[in-house]
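Let me begin by presenting the structure, written as structure tokens, before commenting on it.
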Amino acid sequence: MYSEFVQKFLDYQTYGNPFKDLNPLSKLNLLLVLAFIPLVAQHTVFAFCLCIGYYVLAVYIGEFKYFNGIFTKVAITVLLFLLILRQLTVEGTTVLFSVFGWKWTLEAVLKALDLGGIILGFSGAIILFYASTPMRDLMYALEQKGVSHTTSYIILASFQTITDLNASVNTIFESQKARGIEVEGNILTRVKAFFPILSPLLLGAMSSAEEKSIAMDARAFSIDTNHSFLRELRPVPRWEKALVLGANVFFVAFCVFRLLQMFVF
Amino acid sequence: MSIELKNASFSYPGGFLANENLTLTIAPGERVAIVGQNGAGKTTCVKMMNGLHKPCDGDVLIDGENTRDFTAAHIARTVGYVFQNPDDQIFNQSVRKEIEYMPRYFKLPDEEIRRRVDRAVALTGLEKYMKKNPFDIPYPIRKFVTIAAVLATEPKYVIFDEPTAGQDKWGTEILEHLMDELEKDGIAVVTITHDMEFVARNFKRVVAMAHKNIIADGTAGEIFGNDAVVEESRILKPQLTILAESLGLPGQILTCEDLVTALTGLN
Amino acid sequence: MALIELQNVTYHYPYVKSAALQDISCTIEEGKFYGIIGENGGGKTSLCNLLRGLIPHFYQGKLEGKVTIAGTDVMEWDTGKLAAKIGYVFQNPFTQISGIKETVFEEIAMGLENLGVPKKEMVDEVLRVMKLLNIEELMEKNPNALSGGQRQRVAFASILAMNSDILVIDEPTSQLDPQGTQDVFEIIQMLKASGKTIILVEHKIDLIARYCDEVIVMQGGRIVKQGPTAEVLSSPELPELGAVAPQVSQFGHAMAAAGMPLDHIPITIEEAIELIQKQKGAAK
């Protein structure tokens, strides 16, 4: 009899949420279709509706906080940049208000929203993908499609390194404090502490790279047999394949329709 | 004048309690070994002694001054602490620069810097490595670079965290000689170690820790002679103590000399 | 049967003038437990790299002499197969964690995934090894957040799970407390009893004395002494070779110096007790 924790590995990895449980590649495909629609459609209202749709999905998969955190930042940056840029480049007649004689026009705002909608419609899809898919699930799916085990390892390990560096910084901080280097206090003190903190961090990362590759070699990374997987995602169900196919057919048809609209009509 | 832990407790930000109600005094010039199993709270305890951890409850006083009122870097001038992993500390291009770094940081006169560096190097046996890049010398010897770097700050108390790990005969001998020299200078040494033979040979006072607490504080003979303490702190008795006990010899036998005297004295 | 055979092997790491290993000849026999001791920088780790085939497959450099592993020249071995044949646990526990697994359980299973072991077998094997090393309580923990001692045990478990015939282990206990160290030696002893060949680098000489069949002493890149454990460790020249003698052997030498020599130099406590009692009996 296995504990609940161990039993989980014997079954397929599922999250109990139909959207999250989509195969990462199907999910990516569906979200990319959504991402490109605003660009093809060139319809601002639709683009912003889509963003609301992303929010609904984010709430549905229980990742509202993560999604909102990143999306808001992206949205503010993009919109602010575009609004200012368009005010400088677009000549409008309907003045909304003026700042120290600088007139903001409705036309420029609308232009900014046009492009902003396309960009946000696209970024929202990508953020939502990351919010709903652990990296290791994506790598698993890619390995199933023939991506090498080593490539997958390098990508996953790079992500982990970023987390690890954080922990190392703390240890190095303490270790330098312990011999008398002030690392807290005013800007000048902090700047002075920069070198003693950064150098061990970088040197450590470099010197451990060689050992790490030996360690991974010791785990038979380079052996020429088929790998097995402790964590397995469910095989892609037929309805999911149909859904992806349908979405792609729809997208291609929509593109063709838009092209005809542009050139023929 | 001493390091005093008064009912000091420490828990990590996550709420994990690592030390509970520790009371311990380290006098100037004293030599103390802290022993106990992995996770007993030894490192947390010494981090309170140099202000890296401020107690959540109780007080830690260094020569009468509360560690809460000072930064760890300030306390480091009085209480030096050598970390377990030298790679977390070393950042200079040569061993010499690494050892000189703190005296220069304190803006000491050149002559004083030279004196301190020479002294620290003589104690750690690093003469032939001075020009080398610290990362090109073997790991156990690199540990001596961090020891020398801390000794060059001339603290009144020095804490070593597992200095014996991975050391060979040469390294252990250097360490023993270094502690003797520091004792002559009246510098206190607190050492965390898993090497019980090293403890038996070099320490009169031993503090045994288990489950976040100090469970015994006494002479090496008292600690190793107490089966309950040995078991609870998951340490091992020195080989020759076990031998003497199996032979039913009286008294506290810790070292080779003790045992030979006990046996030759019998006949 | 000779499993690994080294004949007059000399090796230089790339861009290094002095040889890391000089004129090394030794035979590793199947099912035996070897201890490698000696000073730091004396070539212990290089010898491990050689026995494990990392020299010459991973480290380039200049290799002279003949290295044969299970009857095949090391140059002809496929690196992946060699990794499966010879398990390698090394000193630094921090670099041995893969960094891509979220739980200790998955970390230990990783080698088995690479070997293509079916899932059910994999799960059972990981559970068995965790039980053996008494780390079941770490199962669900994140391997990247463990202490040095815990990582050392997880690294050991990860290699044990792969069930290789030969194990090269470089200081597996440097971060462990005395009891934890003792436990690791007990486990190695069990592995030996199950027919595995073990090559261990350790400074903890009293444990080498108790458990190893043969001891190799290294100094300045050379093997300066090798043979059965009792013979090597009781030798009075051990300190000159940069190695420490077991406590009881030191005691044996001291007794001789004090004019009361024991019948021979003991290396374990049990042996010492017997010799002292024999001496007492003779005195009466």
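Per-chain numbering from 1; labels A, B and C assigned in written order.
In this section, a residue touches a chain if its C-beta (ideal position, glycine included) is under 8 Å from a C-beta of that chain, and two chains touch if they have at least 3 such contacts.
Nothing here was measured: the structure is a model prediction, and the numbers come from that model.
Q: Once the contact rule is applied, which chains count as partners of both chain B and chain C?
A: A
Q: Please tell me whether A-B or A-C has the greater number of C-beta pairs in contact.
A: More contacting C-beta pairs are found at A-C.
Q: When the C-alpha atoms of chain B and chain C are each averaged to a single point, how far apart are the two points in Å?
A: Roughly 28 Å, centre to centre.
Q: In angstrom, rounded to a whole number, how far apart do the mean CA points of chain A and chain B lie?
A: 47
Q: Starting from the mean Cα coordinates of chain A and chain C, work out the distance between those two points in Å.
A: That pair's centroid distance is 45 Å.
Q: Send over the residues of chain C in touch with two or more other chains.
A: In chain C, the residues touching two or more other chains are 92, 94.
Q: Could you tell me which residues belong to chain B and also touch two or more other chains?
A: Those would be 85.
Q: Chain B touches which residues of chain C in the complex?
A: 38-42, 91-92, 94, 147-150, 171, 174-182, 203, 206, 239, 242-244, 246-248, 250-251, 254-255, 258-260, 269, 272-273, 276-277, 283
Q: Going by the contact rule set out above, which residues of chain C touch chain A in the complex?
A: These residues of chain C touch chain A: 52, 54, 58, 78-81, 83-84, 87-90, 92, 94-96, 98-100, 102, 105-106, 109-120, 122-123, 127, 139-140, 144-145, 155, 158-159, 162.
Q: Show which residues of chain A lie in contact with chain B when the two form their complex.
A: Touch residues, chain A against chain B: 168, 171-172, 174-185, 195-196, 198-200, 203-204, 207.
Q: Report the residues of chain A in contact with chain C in the complex, numbered from low to high.
A: Answer in residue numbers: 2, 5-6, 9-10, 136, 149, 153, 156-157, 160-161, 163-164, 167, 208, 211-232.
Q: Quick one: which bits of chain B touch chain A in the complex? Just the residue numbers, please.
A: By the definition above, chain B touches chain A via 47, 50, 52, 71-74, 76-77, 80-83, 85, 87-91, 101-102, 105-106, 135, 149-150, 153.
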